Amino acid sequence: MTPAATNGALVDWHSAEMKARRKARYAADRRLQIYGMVAITFALGFLAVLLGTLTFTGYKAFTQTVATVEIDLSSQDIDRAELMEANWRNIVKDALLTTAPGELSRSDERAYMSLFTSSAPYLIREAVLKDRSLLDRSSAYRIPLSDPLDQLAKGEVDRATPENQRRVSDQQIAWYDSLVEQGVISQPFNWALFFNADSRFPELAGLAGAISGSFWALLVCFLISFPVGIAAAIYLEEFAPKNRFTDLIEININNLAAVPSVVFGLLGLAVFLGWFGLPRSVPLVGGLVLSLMTLPTLIIVTRASLKSVPSSIREAALGVGASKHEAIFHHILPLAMPTIMTGTIIGLAQALGETAPLLLIGMNAFITSPPGGVMEASTALPTQIFIWADSPERGFVARTSAAILVLIGFLILMNAIAIFLRQRFERRW
Amino acid sequence: RDQIMVVGSSTVFPYSQAVAEEFANKTGNQAPVVESVGTGGGFKAFCGGIGEATADITGASRAIKESELKLCADNGVTDITEAMIGYDGLSIAHARSAPEMNLTEEQVFLALAAELPDGKGGFIANPNKKWSDIDASLPDFDIIAFGPPPTSGTRDAFVELVMHDGCSELEGMADLKKSDADKWNEVCSRMRQDGPFVEAGENDNLIVQRLESDPNAVGIFGYSFLYENNDKLKAVKINDIEPTFDTIADGSYPVARPLFFYVKNQHRDVIPGMKEFLAEYVSEEALGPDGYLAERGLTPLSDELRAELQTNVLEGKKLGM
Amino acid sequence: MMTGYLLLFLLLAASAASIIGSRRAVAQRAAMGRAHSRPIYHGLNVAIWTGVPALVFLLLWLAGQNTVLDQLVIASYPGAESLDPAARSLLLSEIRQVASGSIFREPTPEVRAAVEHLKSLQSLAQWAMVVLVAAVAIVGATLGFRVIGQRYRARHSVERSITLFMMFSSLVAIFTTLGIVASLVFEAARFFSMVPITEFLFGLRWEPQIAMRADQVAGQGAFGVVPVLFGTFVISALAMLVAVPVGILSAIYLTEYAGPKFRAVVKPALEILAGIPTVVYGFFAVLTVAPAIRTLGLSLGIPSAPNSALAAGGVMGVMIIPFISSLSDDAFAAVPRAMREGSYALGATKGETIRKVLLPAALPGIVGGVLLGFSRAVGETMIVVMAAGLIAQMTLNPFEAVTTVTVQIVTLLIGDSEFDNPKTLAAFALGLVLFVITLGLNLIALHTVRKYREKY
Amino acid sequence: MSEAIVEKTLEKKMNDLSYKMIGQDVSVYYGEKRALFDVNLKVRKNTVTALIGPSGCGKSTFLRCLNRMNDTIDIARVTGTITLDGADIYDPDIDVVELRARVGMVFQKPNPFPKSIFENVAYGPRIHGLARSKADLDQIVESSLQKAGLWNEVKDRLHEAGTGLSGGQQQRLCIARAVAVSPEVILMDEPCSALDPIATARVEELIHELRANYSIVIVTHSMQQAARVSQRTAMFHLGHLVEEDDTDKMFTNPNDQRTQDYIMGRFG
Amino acid sequence: MSEAIVEKTLEKKMNDLSYKMIGQDVSVYYGEKRALFDVNLKVRKNTVTALIGPSGCGKSTFLRCLNRMNDTIDIARVTGTITLDGADIYDPDIDVVELRARVGMVFQKPNPFPKSIFENVAYGPRIHGLARSKADLDQIVESSLQKAGLWNEVKDRLHEAGTGLSGGQQQRLCIARAVAVSPEVILMDEPCSALDPIATARVEELIHELRANYSIVIVTHSMQQAARVSQRTAMFHLGHLVEEDDTDKMFTNPNDQRTQDYIMGRFG
């Protein structure tokens, strides 16, 4: 029998056996700690690898190879009343050919022109439409190189591969090298990635359409889910009687928070497009679907934050004769607001990254102009990623990763705001 | 609505995209909304009726079916123009670093079919694991083929153009077709499900990227992807023929199919810019041998066919019912 | 356009009414002393009376207008009675198209007459709407103004309106669920009329490829959902295998061992994992993880598919880590401090306290969290769409490819089959199955979590 | 008029004159559980009534019946009648908001709103529309703070947060807040139990002063406090009102053995 | 040997003999805030020492120093020395796990683990490896429950949940749990404040019995309880130890005015 079992006698805490035992216990403690550390390292390591891979494939899309060419529009014969109709193609062609080494045959001319984006004439036209004074002078224009040449400039094309295995011919490489020698080529930051809408040409494709599509959809999502979510949460938390029906509502809300997003897509497809006859691909429908998805989360967060306001505040208000509504709207809701805002931002961030439901309601279309409102067809960031990922042109590989980085950037920004709010306004009661 | 709405096949999608952008640039009109919903989905949207909410044009990687025509008619879409715009080669390709391969359609069938005739009138599950199991001259590594899912038109075409042909070349299959067409159809259409054939989803780019990392694998996808990724991939020859624009256009490369778009003529006068868009689509600049669609991998039509197409589309020739 | 102006008008009218109403209440109070409700409530009450009935009226009008107009137009169309409903609706749509200026073909004189009729009716309706809405607003405002008085309990009435709105909002969740069920059930029913439900539920083969051709009999036994479900569970189980230990261990480390600074940095970093769009995980899984796993499998001599369940499941597991860890975090936090102190006071080390007291005490909460995580894994779409295969096979080998319900839904729907093909409709049946499964899982999980919450 | 009626009317008159609130057969149920058993208790005008008794005996419960604070607990159910100046406060026609304005409450833990000191006091007058003008409001705030003995300490920082005050100051702020809506009765639930001795003394002093204008009911767990501040004491035990009497009498010569035991510290 | 040294050794000897724990100049800081000021207090063997004082005066804080429970609060910092049988318990070499086994603790609110009654009691012996065999463990559990006066009530349901017991039983279970690791000192922080009078009486009785084998330190807010159960009483006020003396003396004739006032209920 051990000492402990004998009544009243003391345990010898300093016996070798006890010491060894304690050592083993501390070791076990440390082991658990190490497992925890390993788990965290695993998760964060994965995150690092993920972001690292994306950055590695995507960073090149943040620059774009351009040729800077001087064009004198004043010497051209352009009808100012019919700017759209002017022969921009020839104007640009003439200007670009001046950079070519010597005279080119007609077929070489074509090949030479393919160094530059085929939309170059439209770019010049746009510039002129924006600033008519360009017509009166000679100025330098930045013309993006076409995607294969952009790839070449970024070192993605191996010059050693046989000519028939590359998208750029030896001749084009030679021309490119001569352009480099002339100092015409540069690689500025690719603002087009943010300010252009989608295009079939990687060198022109940008995220403006997707970003504004996401913006409109999120706006709709916010305008609906925020008031409705708060109203529902207040009702359920403060007013609803506890009965079967409110129980049902509550279970329902919790369940909806975990319903797969693709099911919401099916819902949007059938209800908003099918029954209500709303148009496809528009941010309004995207926003509606997203708001239905965000709503449960928002209600849950709001209820939790209402609950976390100590009842002493409520009692204080009621105690001086405030009605229940007044107590809630004057005191409890304002106090819960920071948490609600945090929850809302996180909910919206989730909505921003949602893909599957948008695929089903057609927000994965090809649209070359940013939407001007909620009823104009558009894409959203995640669906744009989906589209680019499936485009054959090489330039889209890096652009897909870049778009993902942009999306993650937005998400991190939103989360950072949420964390900031949380830390700034966190109350300990 | 002031935009044109184009839906339909994912294969035709990039071409419609290109035309849409060019059209917008040229005319300064709102760019059409182009959505890739698959051929069937396209017809569903297209045949949904007339009016603002429905599509004006749908792309298709096969001709419209009877049932779809009927749906259209039921919904009042009675005036349709069919436009065959060119061919799409289906390439079988693998990494540059892989050894050269040259397959017959029969070999492809033997590699990818679910069941093979056992020579005694019955059928057995496909036993071939390596290419060399089929023919000793083929390389000695595992059969891995990434291909389109059963829901895609590309898969449809592949089955019809390669598997059925390869199947028919096997002994006894021709007879079976006569005696039991259903059985023949089942045997010749089913792709194996035990691993070597990997249904890789609709995303062809993913297949391309995976081929790079796995030189033993082959992938089945549209020719345009091979064309873009020439430096990383090379084609597997089918019946000794390599896919090129020329071999696809003259029909010598066996795995090519026509691509279409369908126009809802009832919308022609109401949707702004629709006529101009159609004109752009069938213009020489787009569809011609040097056109920008060819640049994207579309195999152009012969000159006569193209001329006929242009008149048909511009005049709105009604599809016979 | 008109509607927009009307809405603006209502907004302005309501604001004006509210200001005037509260002024009037102030004046009355000055004259007669203490009132039941403060002036602001009288103002709000008038605003509600002015705006809300008119708004509801406007919405009802807009909803009903077209039907009524159609009826009127059709009634005056010669020979309309003899038309069958389909032709009637065609005719109507033609009339409407023509009226809106889109002429598809030269209209007949009857149609033209009808169009004229419709147009006149439309402009009449438009003006009627404006007048009536304004009238409703004015009547409402008058009624609202009438009741301003010392005794009138304006606050009660305003609060009742607000409560009504809140009640309605809380019903949105119910409507959503009904919407989901309705949108799935109809199409699923069509599917089950082509493929027997027993075959769908118990069939062991899922091969939508056979039944796709028009010249084949639909169905043919290739719509057995069992292997698809099996694959779903295999992938979800793999995901949980990654997420559960990592999630719980990191929660333990973060709540019990880590200092506040470490926690403040690492916790948000972990949450980023949950914020990354799943489409991104999908890319990562298919391009980076899957080849690595295949290489690993082959080097171990295990036959490995390029689309291994392990790649999809593993990456999905990483996505779920923060979910599990934050729910476990909550569960640990919910264990009262007294439990911890009780254990420490007996001379337990931290590790012992965690393993023997906290874990068992938090277990129900953690189990609930794991179940919720599992249901999330079952419903996760984009990762598997990109990284899991499409082959429905029943294998437990994680290096083999399997398919999941969500993959099939997306593939079937954005695929290429005809609209009324069982292949497309199957997506809705699958959606229904998915909804039922996640519903079940969620209910169990919520029940566990809730019961557990009640304990403390 | 029969004599009985005369007597009754007279009694009512008497009640009206000297009793502010009268609870008759008040029982409270929390769900299934009964927390109060037929309590009959009268609250006198300009008197401090102390409720004492061991933990969980129902003191707070009874107190919260007096301004219908129990309405806010879903499962709570009150039976019996309670009148304020003769009017049944559980009458459906009674506006509970007005009732609570007339019967103010101060809680165990000081619970100022997380707003400025001024806003804390001004809130009640604002929602009840007691001030016609800004000057009016300033005036109410100042006089309330003065009544709560806090004015001198805070007059220079009226716009600082009320939560920044010390515990004792916070409790006086809460009293000022209650006083600001001109209540007739003030209920206090262990108002000093979270305060230090000095703050306690200040609050007790204040209670003493307030008595001149208000009827006060105070729950306390300290018999000594009850003895110091109250004129009447009611002893609760297990949900029953054991006895109620003049404070002096209760602490020197209680009728009930339980009271005796409790005062002697034999339980609780 | 110098005389001073002799005296010191002698004193130490004395201390060792009659004092179990000695706190010297114990101060505690919670972050910036100082909660205890240089407290000197000796805990005698086989004696019940009661700590009394108004709320927040530092009773619990001091108690928690005695088994280093304050270590679990991040911001808490302890200065001064505390010895157990002459060994400094804040010595870095001291094993806190051992210390806490030797100085057991019972909390204000009963906090049984959500496990069976048996597991609750067996937990301590198990982690410390006090039992060689299953029979051993059974024996420890039984004797501990017996010491806590709970055995007869629970012997037939040892494997039911400990949380299913009544409050008083739970508190005795917690005492049994503490006793099971054979502590030398038992600390109790208001062990009866959540209990009803009957349960309180049982626990007080128990404390009385345990005194034979253990040194006991008990915090209580009830002077009556302190008077009933303790032999020594220490009075705290605002973080200071006001005085410490025999309980009888304290309650009849305290040295300090504050003690007098507190006992008389003038504050707290």
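Per-chain residue numbering starts at 1, and chain names A, B, C, D and E are given in the order in which the chains are listed.
Definition applied: a residue touches a chain if its C-beta (ideal position, glycine included) is under 8 Å from a C-beta of that chain, and two chains touch if they have at least 3 such contacts.
Quantities reported herein were computed from a predicted structural model and do not represent experimental measurements.
Touching chain A and chain D together: C, E. Measuring from the average of all protein CA coordinates, the nearest chain centre is that of C. Averaged C-alpha coordinates put the centre of chain B at 35 Å from the centre of chain C.
As a whole-number value, the distance joining the C-alpha centres of chain C and chain D reads 50 Å.
Inter-chain spacing, taken between the CA centroids of chain B and chain E, is 83 Å. Chain E has residues 97-98, 101, 127-128, 181 in contact with two or more other chains.
For chain A, residues touching at least two other chains, in rising order: 25-26, 323-324, 389. Counting partners per residue, chain B has 10, 37, 202-203, 206, 209 as the residues that reach two or more other chains. Those chain pairs judged to touch are A-B, A-C, A-D, A-E, B-C, C-D, C-E, D-E.
Against chain E, in their complex, chain A makes its touches with residues 1-5, 7-11, 13, 17-18, 21-22, 25-26.
Across the interface of their complex, chain C is touched by residues 9-10, 37-41, 43-44, 49-51, 61, 65-68, 71, 74, 76, 144, 146, 149-153, 155-156, 182, 185-186, 189-191, 193-195, 198-203, 206, 209-210, 213-214, 217, 266-267, 269-270 of chain B. Put simply, chain A touches chain D in their complex at residues 241-242, 310, 312-324, 326, 330-331, 335, 427.
Against chain C, in their complex, chain A makes its touches with residues 25-26, 28-33, 35-40, 42-44, 46-47, 49-50, 53-54, 227-229, 231-232, 234-236, 239-240, 248-249, 251-256, 258-264, 266-267, 269-271, 274, 292, 295-296, 299, 323-325, 346, 349-350, 352-356, 359-360, 382, 385-386, 389, 400, 404, 407-408, 411-412, 415-416, 419. Every residue of chain E that touches chain C in the complex is listed here, in rising order: 67, 69, 72, 74, 97-101, 104-105, 107, 109, 111-115, 123-124, 127-128, 163, 174, 177-178, 181.
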